[in-house]
Amino acid sequence: MSYDRLSADNAAVVFVDHQTGLSNGVQDQSLPEYMTAVAALAKLTKAFNLPAIITTSAADGPNGPVLPIITQTLPDAPIIHRPGEINAWGNPAFVEAIEKTGRKKLIVAGVSTEVCVTFVALSAIKAGYDVYAVIDASGTWNKLVQEVALARMVQAGVVPMTWVAVAAELQADWRNVTGETLAQIMGLHLPFYGNLLGSFMAAKG
Amino acid sequence: MSYDRLSADNAAVVFVDHQTGLSNGVQDQSLPEYMTAVAALAKLTKAFNLPAIITTSAADGPNGPVLPIITQTLPDAPIIHRPGEINAWGNPAFVEAIEKTGRKKLIVAGVSTEVCVTFVALSAIKAGYDVYAVIDASGTWNKLVQEVALARMVQAGVVPMTWVAVAAELQADWRNVTGETLAQIMGLHLPFYGNLLGSFMAAKG
Amino acid sequence: MSYDRLSADNAAVVFVDHQTGLSNGVQDQSLPEYMTAVAALAKLTKAFNLPAIITTSAADGPNGPVLPIITQTLPDAPIIHRPGEINAWGNPAFVEAIEKTGRKKLIVAGVSTEVCVTFVALSAIKAGYDVYAVIDASGTWNKLVQEVALARMVQAGVVPMTWVAVAAELQADWRNVTGETLAQIMGLHLPFYGNLLGSFMAAKG
Amino acid sequence: MSYDRLSADNAAVVFVDHQTGLSNGVQDQSLPEYMTAVAALAKLTKAFNLPAIITTSAADGPNGPVLPIITQTLPDAPIIHRPGEINAWGNPAFVEAIEKTGRKKLIVAGVSTEVCVTFVALSAIKAGYDVYAVIDASGTWNKLVQEVALARMVQAGVVPMTWVAVAAELQADWRNVTGETLAQIMGLHLPFYGNLLGSFMAAKG
Amino acid sequence: MSYDRLSADNAAVVFVDHQTGLSNGVQDQSLPEYMTAVAALAKLTKAFNLPAIITTSAADGPNGPVLPIITQTLPDAPIIHRPGEINAWGNPAFVEAIEKTGRKKLIVAGVSTEVCVTFVALSAIKAGYDVYAVIDASGTWNKLVQEVALARMVQAGVVPMTWVAVAAELQADWRNVTGETLAQIMGLHLPFYGNLLGSFMAAKG
Amino acid sequence: MSYDRLSADNAAVVFVDHQTGLSNGVQDQSLPEYMTAVAALAKLTKAFNLPAIITTSAADGPNGPVLPIITQTLPDAPIIHRPGEINAWGNPAFVEAIEKTGRKKLIVAGVSTEVCVTFVALSAIKAGYDVYAVIDASGTWNKLVQEVALARMVQAGVVPMTWVAVAAELQADWRNVTGETLAQIMGLHLPFYGNLLGSFMAAKG
Amino acid sequence: MSYDRLSADNAAVVFVDHQTGLSNGVQDQSLPEYMTAVAALAKLTKAFNLPAIITTSAADGPNGPVLPIITQTLPDAPIIHRPGEINAWGNPAFVEAIEKTGRKKLIVAGVSTEVCVTFVALSAIKAGYDVYAVIDASGTWNKLVQEVALARMVQAGVVPMTWVAVAAELQADWRNVTGETLAQIMGLHLPFYGNLLGSFMAAKG
Amino acid sequence: MSYDRLSADNAAVVFVDHQTGLSNGVQDQSLPEYMTAVAALAKLTKAFNLPAIITTSAADGPNGPVLPIITQTLPDAPIIHRPGEINAWGNPAFVEAIEKTGRKKLIVAGVSTEVCVTFVALSAIKAGYDVYAVIDASGTWNKLVQEVALARMVQAGVVPMTWVAVAAELQADWRNVTGETLAQIMGLHLPFYGNLLGSFMAAKG
């Protein structure tokens, strides 16, 4: 696999079933860790002006609405409500929305990792996309399920990522125009970094 | 590896040595988690009307009889009692039963993961099958053994799965006829989902 | 503290806010472990014919209805719906229901451990009851919260229990009339024990 | 120990050395979990209009400034900058600030748990206060240090708490005037609860 | 509590329900760790010539026979087969056997920790004995149950121990006659110590 | 990778630096678990009459002598004392001993996993052997080092194993002549299995 | 228990069996964490000029010599070599050395926690001393043994400590003369703090 | 992948952003473990006289200066201060420094593992280098991020290593001239080994 980095020009972000009900089933990491990673991914998407597609599974049923942080951060992102397809790739409107972005690199996250994320990821690989699965901005029922999903996706050629890696690969150089915005996002969602900034500024006076 | 999804038409399920005695050796996950995953896999098999083969190792000895939840859920599944072969693939009646299903995708689970599941999985791969190992509906002596077995199977091309992923891939679309049954299975064996349904129905009135 | 064992004649069981919504916040143990312990406690209560009181917090709101396993197992238990009191002991109807049982030993479980269980437990201690908190039939947001709640209750004289200990203390002697029923409950909810029974019966023929 | 609950009228909150530099040493829980608990405690303090005292250790040195979430949420709280005293109780201005609140129940949190929190807690106990240590809104170097600090404080009669328990004990009844504000705080900082609210509102339409 | 050390003259050892079937339910520590601790305790008992009482619960049923390492090491110890009493102290022959030892300090271990060990321990405390519960030579269903049982016993005044502590307290001085035997036991069952001895002897030549 | 199973006719076992001193550095699993796995591997080697090679690193220095269980179980196995080569494959006598076995499948275990085991494994792969690394009969400094070593070996085509998998693959059929011996080995070193046998025999009478 | 803080004038430090051989058995924390805590405690002892007593168990045998960091840091501390007494308090020279310090507060650490530390601690309590056990500068065979030892000591009135808490209580005020030395010790042995200092100084220029 | 071992003649070491500020964000292992591994890697680099390149990200900002142990150990290593490039490979001076070493095998470590280490590793692979990532001398925000970074690097052909493996592969034979120096490094940074040496020397007299 050759290393061809993610950029604001070549990637799109797919949010799969980050719904309020499903999110309460996340137990592979602590809920504050999952929630902060999802919020960070949404903000990154906006900061880098990446095309975003949001999709839901039965959002008017028990799975619940999309997490507000996503829709509030990305108000213009299309939301594909799937009436029944578990694999979003099985929904033509979803695939069309992906194709419309014109991007060949897909950054995918969602709930649950082994179903909603893995199925989209494998289908996208089959359709010729490069796929990057953001494991910490995704969630599932327990650590074992996460481990198995990670193994399946890596086996199939999906690139495993976490949100800070996505951010850093997109930013490339801190001097790029998005640098300050990214520092704010990291300061809030990677709290160690926010503390570091706070200490430094105080020391500098 | 191309993504060719599991379906009710192309897959069979193999239950390897899920016996009462052996199950008490399972320590790679909590016993309630293992037991509920096994029960769910059996019920899925029935719900999707998948061909099932059950096999045992010395079931009249200390390994004990098959877990009742399996035989009660799948009363018509053939049970191949192996008199001594550790790798079920070494038993001609077992292989014949597999072949008789006409399916080329095998969903395999059992105790122990690194012996009964791995041996069947590797032999099936060699014989030209696609193999899906259901790690949480399988069990073994401790977490390290599970990790090593997972690595060995992935290295050999076995697809690692968990039971919810199997269910979702088979269901494909919640509007398919098995949807309601699957929701009941998930409501019971993925208890978060049952709670979600209960809350939703109450809120809806 | 003198050891004065629980019996079917001296104890009552209090189920505090075991609601579907709140239960999905339980992350101090796996959800299958929590759910199976709660079910076991309900069945024990019935098996030993103990007086039971169920209470809820805003059950028509997001906290959701009582877990069906509890109400189905104990259809005659009074349910005190609290309109707002977080500590059930602050609700006169609840205290009255407790007093009506005539029992001075209270077995308490609920969600969350550090709020609903602890507050009732401390108030009951203050009111002169002996209190037994069933930690595994209770649940809370993470392991740390569980540890702190356990420490607070032990410090205040609450006796920490788990459901198997409650069962065993109530049963006292396997030859007592409830023995067979208890064996069935344990066989299902402490799955190791069910497996043990299955193996033994098979070996005996 | 008799149970005499915390209320908006009898308690004050002490934030000890929640500074940006020190906070980056917290490893007994994940940093997102610690940070969200501290923020929640600050907001609770404001919501219940509790007297608050903030103290720092060498805030113009490497320990860094107070976490902004605290000072922004509680802009009127006195900040006692200690020039050198490790135990804040050794600083007369601090003790005077405590006494000025007129409260005899102190809710204490800080970094690190075994030093800044424990020393203040033990001194306050000695001075006749009831002390409640909020373990999850405090932090320290690793889990072992947390366990030892918890044991030392419990041994000395300090009541161990977590922030949700503090919130619930102060609120007492959801119908009290602070109910809506508290629900918002919990929705944000106990994310499971926010998700629950979101799902419920959507289901209700 | 005054420190009055265990000695070969003042203590007896009670093995409660260390049966083959029950032992397979032990999941609070790894099974090799539990088994090696039980074996060590049996050998210590013999090495110090301590009176021992073995008791079983329904040993001709699924709980199974006593672990052979115990009966083989202590062939002369009385075995009290309880026909139904869960708390061994409820069996007169058991209490009589205890009394017959003339010892007032009881070292207790067994399966499960929260039932068989805790009940005997609390009853013995009530009857005026000093009780030492050997947690690692006991076992139970999961770590949480162990933690709760430990908390309950400590609350009631039971002294928590592990087998090496028992050994060391009994030995008191390595020059005592049992020193060489104890070194052999420790060399085998605390394998680090055996390795240390092996390295030392080799280095010494 | 085609599945070509281990057998008593095609495999040899290599024990690399299982020395008393080095073994005390093992912290990736508990020491009782490591020691029992090593002993089991030695006994398997004897039971299946596999050629064995033992090698040491500076055995007259701090690393210490070979674990006695290995040399006592396999008194005829050649021991190659390496005067300095860290990778045993760099020692001609060692390679010669390997070649002399005539086997092309090497089962390798040792301390430490990432050095002594990995280096031999990679060199053997390069030399055209099939290599099976027994992770639980090997040990290293902490869990992270184990994980990294496992990843490196799998990446290079080494087959990851645990001792029970080795045993089962060699045995192939319980009716083979080594069956009874293997059952004894498993009964002792996989204690759950020994307990299972004990319960079964007792139930059978 | 009244809070009467440790000071350079009222405390002595006891190092019990921190020997090279025994230290390699420590598995309740990682070895780097244990070693750095022990070194820190030795340096603290010197920094505050506290009387120190070192004792060993069979230091010319497999237990090995005292860790060099202790003897090098505290070259004038008396070393009581015990020929056989496991509980150092049973050695008259040791007790005499303690008494000679004239201090009534003993800070105790050692290997192993449940034997060497606990026995000395309990005997010292009985002899009228205040005892502070430094759990992280002590070590034992696994986490469970640590937990049990902590529970036993707390039950008996020993105050549980960690080395940073000891340091902070002795220092009392950073402006005291030992402040700079302590900052250096903490910078090295609590590496987060050293990093914090480094960043701060760089920011300050 | 053919096994072509690291040697003092074919490898260079790259230290990426081991800065004081960033290091305080490391939570995938304990900080003492991370710090000791980094120090060991620096000393190894010196001991084997390997070319080293140090690079920093905004070292005059909050990320802080390079850890002093690195610059003090390797005073002559070039330090490439990157003004903004997150992937060091994007900085021409850095690539030039790499090329100037003339080495085709790069040993890479840094903070954070999934960003600074992974990006350099993937770029170096693409540029034709063999890359060895030292996971324990690198650090990141939590264990999950480490696991994902490890998976991504292994997928891309990076060889995962830990510092002791690097040391052993470079040393090759203990009789080589660097043997004594390496033993000292290991004695200090793999403390078990230092203890082993201490015990051995004492036993030898």
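Lettered A, B, C, D, E, F, G and H in written order, each chain numbered from 1.
Following the convention adopted for this analysis, contacts are C-beta pairs under 8 Å (C-beta built on N, C-alpha and C of every residue); 3 or more make two chains touch, one makes a residue touch a chain.
Listed by chain with UniProt protein names: A, B, C, D, E, F, G, H = Hydrolase.
Since this is a predicted model, take the numbers as computed values, not measurements.
Enquirer: Give me the step distance from subunit A (Hydrolase) to subunit D (Hydrolase), shortest route via touching chains only.
Expert: 1
Enquirer: Please identify each chain that touches subunit F (Hydrolase) as well as subunit G (Hydrolase).
Expert: Common neighbours, subunit F (Hydrolase)/subunit G (Hydrolase): E, H.
Enquirer: Subunit C (Hydrolase) and subunit E (Hydrolase) share one sequence, so how far apart are they rotationally when you fit their Cα atoms? Give it in degrees, rounded to a multiple of 5.
Expert: 90
Enquirer: What is the chain whose Cα centre is as far as it gets from that of subunit B (Hydrolase)?
Expert: When every chain centre is compared against subunit B (Hydrolase), the largest gap points to G.
Enquirer: Using CA atom averages as chain centres, what separation in Å is found between subunit G (Hydrolase) and subunit H (Hydrolase)?
Expert: 33
Enquirer: Rounded to the nearest whole Å, what is the centre-to-centre distance of subunit D (Hydrolase) and subunit E (Hydrolase), using the mean of the C-alpha atoms as each centre?
Expert: About 43 Å, centre to centre.
Enquirer: Quick one: subunit B (Hydrolase) and subunit D (Hydrolase), Cα centre-to-centre, how many Å?
Expert: Chain centroid spacing, subunit B (Hydrolase) to subunit D (Hydrolase), equals 48 Å.
Enquirer: Would you mind listing the residues of subunit G (Hydrolase) that make contact with two or more other chains?
Expert: Correct list: 21, 24-25, 27, 30-31, 33, 62, 141-142, 157, 192, 196, 199-200, 203.
Enquirer: Where do chains touch, given as pairs?
Expert: Applying the touch rule to all chain pairs gives A-B, A-C, A-D, A-G, A-H, B-C, B-D, B-E, B-F, C-D, C-E, C-F, D-G, D-H, E-F, E-G, E-H, F-G, F-H, G-H.
Enquirer: Quick check: in the complex, which residue numbers of subunit D (Hydrolase) touch subunit C (Hydrolase)?
Expert: For subunit D (Hydrolase) paired with subunit C (Hydrolase), touching residues are 1-3, 5, 29, 33, 135-136, 146, 150, 154, 157, 159-162, 164-165, 168-169, 171-176, 179, 190, 192-193, 196-197, 199-200.
Enquirer: Which residues of subunit A (Hydrolase) touch subunit D (Hydrolase) in their complex?
Expert: 20-21, 23-24, 30-36, 59-60, 62, 64-65, 67-68, 191-192, 194-196, 198-199, 202-203
Enquirer: Which residues of subunit C (Hydrolase) touch subunit F (Hydrolase) in their complex?
Expert: 196, 199-200, 203-204
Enquirer: Along subunit H (Hydrolase), where are the residues that touch subunit D (Hydrolase) in the complex?
Expert: Going through subunit H (Hydrolase), the ones touching subunit D (Hydrolase) are 24-25, 27, 30-31, 141-142.
Enquirer: Which residues of subunit A (Hydrolase) touch subunit B (Hydrolase) in the complex?
Expert: 21-22, 24-25, 27, 57-58, 61-63, 83-87, 90, 112, 114-115, 118-119, 122-123, 125-126, 141-142, 144-145, 147-149, 151-152, 155-157
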